[in-house]
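Here come two complexes built around chain A, the first alongside chain B, the second alongside chain C.
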Partner chain A sequence: MQAHASSPVGFAPLLACLGLLALWEAAARIVGISGLPPAYDALRELPLILSDAEALLNIAASLRRMLLGFVLALLFAIPAGLCMGRSARVAAFFNPLLMIIYPVPKAALMPIIMLWLGIGDASKTIVISLGVSLPVIYHSYQGARGVEEKLIWSAAAMGMQKSARLWRIVLPAALPQIFVGIRTGLVLALITMVTSEMIARQTGVGSILFNALDMAQYASVYAMIVIVGVLGFVLDLCIEMLRAKLVQWAEPAHEIAVGTS
Partner chain B sequence: MSTERTWQLLLGALPLVCLLAFWHGVVVAGLAPAALLPAPSAVFARLLEQARNPLFLAHAATTLIRLFAGFGIALVLGVALGLAAASNRKAEALIRPLWRVLAPVPKIALYPALVLILGFEHASKVALVVADALFPILLATYQGAAAVEPKLVWAARAVGASRNRALLTVVLPAALPTILTGARVGLIISAIVVFLAEMLTSTDGLGHLLVYASRTFQTVDMFVPLITISIIGLLLNAGFNGLRKRFLAGFPDEG
Partner chain C sequence: MILIEGLTKSFEPSRRQRHLALGDLSLSVGEGEFVSILGPSGCGKSTLLYVVGGFVPPSQGQVLVNGKVVTGPGPDRGPVFQEFALFPWKTVLGNVMYGLVEQGVAKPRAEQKARALIALVHLEGYEDFYPKQLSGGMKQRVAIARTLAYEPKILLMDEPFGALDAHTRTGLQRELLEIWERDRKTVLFVTHSVEEAVFLSDRVIVLTRSPGRLKASIAIDLPRPRRRAELLVDPRYQTLVVEIERLMDTQG
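Up next, the complex of A and B:
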């Protein structure tokens, strides 16, 4: 397991990628429908898309909205979650509201928010940050609730102010949990990004993807899927590396404890 | 204790009441035209009306069928794969790289491919729900099973339980709290994803109703499917907590 820790990606996931591509190629050859082009055809489209300035601008627009929405969400979701975790009153205040909002698909708010703010960046960014904020609030809350009370008592006994305790004790102690929320948030951000661009087709990877589908350019559809997939993978890797750097101490001692055969 | 409980309930109702009052106030003050923001009373009246409309209920049932079919498949697959990965080195070597690659991929982007391969009907939507709900459950099962105290397994093996039996009767129950947490995340993601899939391409289901209403500018009808999916999510969550309390009577509660 040491090899996993030192190299961020490792050899096995690369093999898994190749395996999936081979599976795709084989399935396409066997099934032989136009809706499932062989992997080779789709991958051949990749350089075409990636050398097209317009496509690159679209991808950049998607990323900009997503990152902006993501950062906005973190800025209010982490403090809100931490406060909820440290005060039963605050938690009781926000919990029912959050429980009601959680299962609402945030991208489904798109048609309504579009009525108010138009189909531009503002509505998409808001929808994305809504999608990110809920898992982050939830996990920050859980993390702050699980902080060892003795740590807080010690800090209080040494004369640390309440707000400083939240910042210096509760935040670092809850950080492993917060990162779980951030990772879930990333998944939801990507879902929301693609869907919002599909609903309000103007710019972005979602609109390229579904326009290609409508025009029956199936190889491009699959090439875009590969691009979005790689995007998700790389962003997740960035978060994972940041997590490894910030909360190294929280790494579980034994990764696998059962069934050591 | 019980006064504290009612006090907390009242406190929790406060933001909801404020939100409704604010919404009502904006409409009454004429700050937003009714075409953009209908009054809350109009929305809830329409919701009650639709709750007795068999056509609306049929759409809601379609959504629920897809949700449960997808979630059920994801639950079985996720728990099985997670246990396999946690208990068997070879299975882990196979499953772990696959999930490392596939878990962060936004599955909604696969939806066009699923539509092309499986068609516009149930199958493509159920497949999308499975793809999205699978990984939280798989990951939680793996982590839960991997964190089980090895002494428990050794004890079971020492009294003669076979490896598989120890897996099912010791590891699985011990990992249950974590599995249920993952399953709950998976369930909420299922509700979100099935709705989105129906919004993208569908001729039935709650998501389709929302898109249809937005195309015909029936703002009131846009809110009704949203509130319905929220209620469905709440009921599922409550049902889940009930199950959790039953299964895990001794474990500490989770918020």
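Up next, the complex of A and C:
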């Protein structure tokens, strides 16, 4: 892995970012409208936002809700998906329900949940949880369904009790699939986080963003979008590192494939 | 010893269909006997093994292992599958240790025993490899070591060498015989290769086309230890192979 950093591949993402910024800068100068400030103006806002205590508190509040919603969703969605994958009856019951809820933008449920729980943290955390849950349930379900029956039989022959199989065989076997769901879930968490704060503007990244928009502070709007993007990138990197550590066994064998019978 | 009494197994792929895999099969396998089961594909020979393993319940009849009715899987019957069924998230060592730790053996003791078994199947140096990094033959060696580790009295082998190339296959047959001749476990071995069945077994069972019923039981009284090179030129071996091939060719 270390070797890759010094290879040309290591610079490619950096080049892509710089290219995007150049494109943005050029487009802004050619179009010349206030709704599209030059990249430089937006980036100049970044240190101002990041040194402002209130802005940082807002970003922290967003992150806290997002992570809480994310973790709550995983705690519920992974076991739910695994149970569905191992029991045709459970799957038959929940599947239609999921298929209906999956395409609904979870932020659209925000007004209803706000009626019940107010505009505070609880509503937003729940909406984020919902957003994360569905892809995680779906991929855990697919992962559990794909577990080879004979893996479970092998464990059963060793004396493993039925109750332990879900956690000790189905969960690890489905883990590569589950991580696909977790990654999708993370993106949805970020989206739902911002939109929930747009609907219930109290604190958070989304409320800063849309307040700036209302006040026509377009450079700040773009700066906040960049911050959300970077947040997403860093969080995704964390998930990717965790995945690499936990399911390294599932990686293609590549050069390590070994000879003889 | 294994006693199979009036075993019937049917599947219902849909509400309208009913497929009879095994029809009223009775069979007994003695302690330390190596018995192969042959039959046309779809005759239910694997199903028979799964029922003895307790993985699949019988529709009618019962299986007794050492006098006790089989109601589920247990460490007295160790399966080895054609698909290897190794735990992909565990290393070779982790796989071989798994059953031992499951049986409550302390980790250091389990590891010591697992290492010895890995050596027995000639995989020293591969302890820390994941299954994905191994060839088919190596995977099956790990699977055999993993099953031998928890010392089942009976080995249930479901076409264990069916997915391997001819060269690897004969190599593993020889290794299996060497291991078996050491402690003479009871083995129920499903295969579709007549040569393999005759080479390995004390007795060959031939099942009829679906639903599988007992067609013939042929004693293989070739001397042991058996060497492949010697057997191939042994007229008794050749006669047995031809006889069984003929049995398999006749309908019914």
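Side notes on the structure shown:
Please note the rule applied: the second predicted complex is superposed on the first by the 242 of 261 C-alpha atoms of A that agree within 3 Å, B and C clash if a C-alpha of one lies under 4 Å from a C-alpha of the other, contacts with A are read in each partner's own complex, and residues count from 1 in each chain.
Following the convention adopted for this analysis, a contact is a pair of C-beta atoms (placed from the backbone, for glycine too) under 8 Å apart; a residue touches a chain by one contact, two chains touch by 3 or more.
Just so we're clear, the structure is a prediction, and the values are computed from it rather than from any experiment.
Put simply, more of the residues of chain A are touched by B, taking chain B and chain C as the two choices.
Using the contact criterion defined above for the overlaid structures, shared-chain residue A:Ala53 touches neither chain B nor chain C, since it reaches no partner. Of the two partner chains, chain B is the only one that A:Pro103 touches; chain C does not reach it. Of the two partner chains, chain C is the only one touched by A:Met160; chain B is not. When the two complexes are overlaid on their common chain A, residue A:Ile30 makes contact with neither chain B nor chain C.
Counting contacts as defined above, chain A residues 252, 256-261 meet chain B in one complex and chain C in the other.
Those residues of chain A lying in contact with chain B across their complex are 10, 12-13, 15-17, 19-20, 31, 33, 35-36, 88-89, 91-97, 99-109, 111-112, 115-116, 141-142, 145, 184, 186-188, 190-191, 193-195, 198-199, 205, 209-210, 212-213, 218, 221-222, 224-225, 228-229, 231-233, 235-237, 252, 254-261.
By the touch rule above, chain C contacts chain A in their complex via residues 50, 53-55, 72-75, 77-79, 81, 83, 85, 87-90, 98-99, 102-103, 126, 129-138, 146-147, 150, 152, 164-165, 167-168, 171-172. Those residues of chain B lying in contact with chain A across their complex are 7-9, 11-16, 19, 32, 36-37, 86-89, 92-93, 96-98, 100-110, 112-113, 115-117, 132, 136, 145-150, 153, 163, 167, 171, 185, 188, 191-193, 195-196, 199-200, 207, 210-211, 214, 219, 222-223, 225-226, 229-230, 232-234, 236-237, 254-255. Interface residues of chain A, counted against chain C in their complex, comprise 148, 150-151, 153-160, 169, 172-173, 175, 247, 249-253, 256-261.
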